[in-house]
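Everything below concerns the one structure shown next.
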């Protein structure tokens, strides 16, 4: 019973097999491997973006920080939700990679940016000219940190506000596949057609060993991206092992299958939790994460059985009245089984 | 016939098997996996350094830059050889990670630092106090970029000069195993016993998919290192896959076996080249790299047969007199076969 | 009628005379001038801090950024009020000088930090360990950006909360003298006795040409400060001209006299504004700045007469109903005359 | 007898008078003062560059670092002479302001860049593409750190080499006036007509209190420069005091008169030194600095009489044989009197 994070799950067998296969013989390093050529073609096709540039890195933090750094100057600000991963969980990596850009924190329910909050923040920026940090870039997380998703129309509404002020838009898609399969739209519709210039396309949380793609729909600064990646220590010599993972991920829709499995497990879990007397959801379950509360006694039982998940916020105690509500975050991954979910539900019921 | 770089070689089968094995079930992310506990213990034992702190990253550039950044302030300088990887091949990653430290370039034959050059450089530093960049850290590459090695006594001589001025020493050991097996000394003798405070222990060039260990013999700033690693985007969520590689690498002396194979291939190749009329070595062959020159016609034949290696310097042409000498760099990896070497030798002879 | 900012006012005659006097003959550069020795002694005496280290720079942004950079690591955060100068008016200088520290924005009325907001922010920091930005430093502005002041007890309450979490405290004292004379306390009581480790002691807004002192009550990192100042281009070769200004400023209590004059002008102005029908103050007038609103027709008259001040917020229009309230910021300086104030009051009445 | 540096000299009376004059009444801050409009017009006229953008800062380090930062990316290198001020005397300020650019050190006698050294360095840069630091900017110091000067033709030869590789050129003109009056050419001939895109136009060493102008002949990135200046804490609120100095400096050719006086003093001093038996010059005396050696006994006498200057290198001792040669640096400023020079010469003869 592992719900601590989707990054605690295994890699998909197809991915491991591809790595094994890639290990045959020698290959030119640093992205000059032939597999990378195929990956580039795949992503261009999947995203209907024949001119997009594609780069692989191994962590989501690297993908986000490097993408943002090519889109923003040190004296500009990054607009993002107060709960965005880039604000909350990257130990200041965006500040590091951008050379000290500020992050302007936006409001909105369930970690989704309220358009009005974005509009006000942009209006407020640089009102005194040279004395203030300047307008930089918008970063949208989809699926969000609370497991909710933006529709293409919602993305387009935000990017339109940004574009009106000359600001490009980035999407942190660490869980892009989870959002995509839920929406049933095309990758293009959720990205460049909705005004996104650069996408961090997650793989690690969805069944890879450790690969994220950065997709630059606007390839103007592709060479700068390459230099930043190298300078950041994120250009792999044995790059073929990254390429192989991503190739397998995109082949025969594996990435979508994996995301559907994770989402389905989350649905099953959420439905079961809501059957627990007193339980409730804190956010809509739209991807593979659940934020819910249920009575303390259920938490005691689950943790006694070594179920892994986090109280949310962290500092709630197992000590106290049995029936008091304790809130928690549970994240499913592609390999979360029905049996695992059901065992957990039995414990907390 | 692949001699372009050791990073073009495959991963060792034991390493791939370990990754497959690590893929079973779930694991806590970000280095909290149980394999990492074993790796830490292994390295402490292998290096006879029970208090050393050990961290894994995926690239050599990350290992070097993060280690150096914890040892030097932005207004200090890094003393290194003019040909060091950190100066020549990391696109300024040390400058990026340190916040703008300078690199003071030292001289010495075959990419080995001349102690007198170090002494003079240190004496020259900060002669005008606050106006100058200050003394920072010494970085020694072993094996060097030209395939030569430092003995423990040579390392100790350099670190002693540094220590006299209060300067700690780092070792870039991207090819540490190749140096070690050639010297026949212990890991401790070549590192902390010789005055090294932090080691970048290479794995990728020697049979891993992509893992380097940073070993902090002085663990005072270990927590800072962890924060820098995270902030640099180099903390892996599915860390178990790094741990598993390193565990296999260190188990039953695999790392030493792989290095011996690469070195032996280089010896065989060097010996053969010297049989070519007119051929000569530019540097002693002490690890797994060969810098040699032989007549142009041999290069033509080799490249016609699609042998992969680099002219060194790059800009020498295949056009020109048959017997003119062209110099080249050839690097063997653990999987370089005798047949491959012999086929190459036949072509250039 | 100049109320746009106190930095639009002239320098005090005593200050100009001191610069003229300092121009005689030659002097050792870079702070080795004898006047600086006297300034250091003056500040130590005025602040009853015999071990404090004292440095001069020419701008408040430099003073704040350099002081903060010696107190915080790039992966740590600076706690400050949402309206602090370091957040709002320095174009990201703190981020630049610190190497990318975050600023955590606190709430509280009239630009004064609410202790509870500080407590909650500290508690929230680094809840997930290495994944988050870490606790860094507290920065308090006194007098604040809205012209209010903290008492020594209020400062001490905030620094105590910080110290409980191991966090040092900085004071942005661009208008320190204005706060001090209003409070009638000693410089020591308002700084180190109240838990402040480093002070940006403003001079420019209060009658100097351009000098701020950084006073390090905790001199542990004084040498680092000197290196950062030089590296930032803020070490003056003809330093004697900075020293001379500061010496004059502190001699015979000139700095206090100047601040009293500015505060008195603000009081007179505020009192007069409140006599305007419908007018009101947005913040208490405790230093030399006034935030007030009065009917639009009064603004029209004042601006027709070329009175200089800012609408606050900027984007309010002179077009519209006569009696609608328009809010504004007015700042007095030491040279603001009663006649100037009275002329203005007549216009808006 | 003060020859320690030209920055130890006084400001010119005309400059002090201008500051006094500027102190009348109020003025809009941050460069919006009317004097700055006149300064901008003056510089455009003097340099025959009607589209140049002009900014004032207070230190040479700020001028150089900010100018270079707008011309180079963090992953690019700055080509300069090994003895350039930006390499030797700014505590890494260029690295700080550029976000970690490298400085590639060039050779050449008397601190003048050998064109062949530049050509080779450029050729060597980025030979391996993304793995290396990239070509950035050329920085030429005129007059040089050893008191020599480049002719317009020499400047043009270097900038042409740079331009062939797409590299812009910067001139560190901390002692620009000293070079200019010696050459007898126009400011345009020595700068933009010779291929210079940005100039740090020194004032402080030549009779100002503390002002340098940055002249951007290519104004494309002027707004970026303004933001960098503000972010670096180098935008003065009471900017009129900088403007006033520069206006006086450029009025009626004051800057040229001051430089001629300093150069003449250096000529007189050099001529006198060469009359000392055994004395010799280390570099041609082409501006206001002298590098010369003469017998130790003369140094003893001079230093007993408290003459101020530096041994060059620093570490030569007054202890030792009377007739051994000790080398030194002597710098004259506009106020160095014949009497002062003659007194010194008498002592060392």
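Think of it as A, B, C and D in the order they're written, each chain with its own count starting at 1.
By our rule, contacts are C-beta pairs under 8 Å (C-beta built on N, C-alpha and C of every residue); 3 or more make two chains touch, one makes a residue touch a chain.
Since we're looking at a predicted model, the values are computed, not measured.
Using mean Cα coordinates as chain centres, the one most removed from subunit C is B. Between B-D and B-C, more contacting C-beta pairs join the chains of B-D.
Here the spacing of subunit B and subunit D, counted between their Cα centres, is 42 Å. Computed centre separation for the pair subunit B/subunit C is 51 angstrom, with centres defined by C-alpha atoms. The set of subunit B residues touching two or more other chains comprises 74-75, 90-92, 96, 99, 130-131, 134, 227, 230-231, 235. Residues of subunit A touching subunit B in their complex: 2, 4-5, 7-11, 16, 19-20, 23-29, 57-62, 65-66, 90-93, 96-97, 204-205, 209-210, 227, 230-238, 241, 308, 333, 335. Listing the residues of subunit B that touch subunit C in their complex gives 30, 73-75, 99, 130-131, 134, 224, 226-228, 230-231, 235. Subunit A contributes residues 74-75, 88-92, 95-96, 98-103, 105, 127-128, 130-134, 313-315 to its touches with subunit C in the complex.
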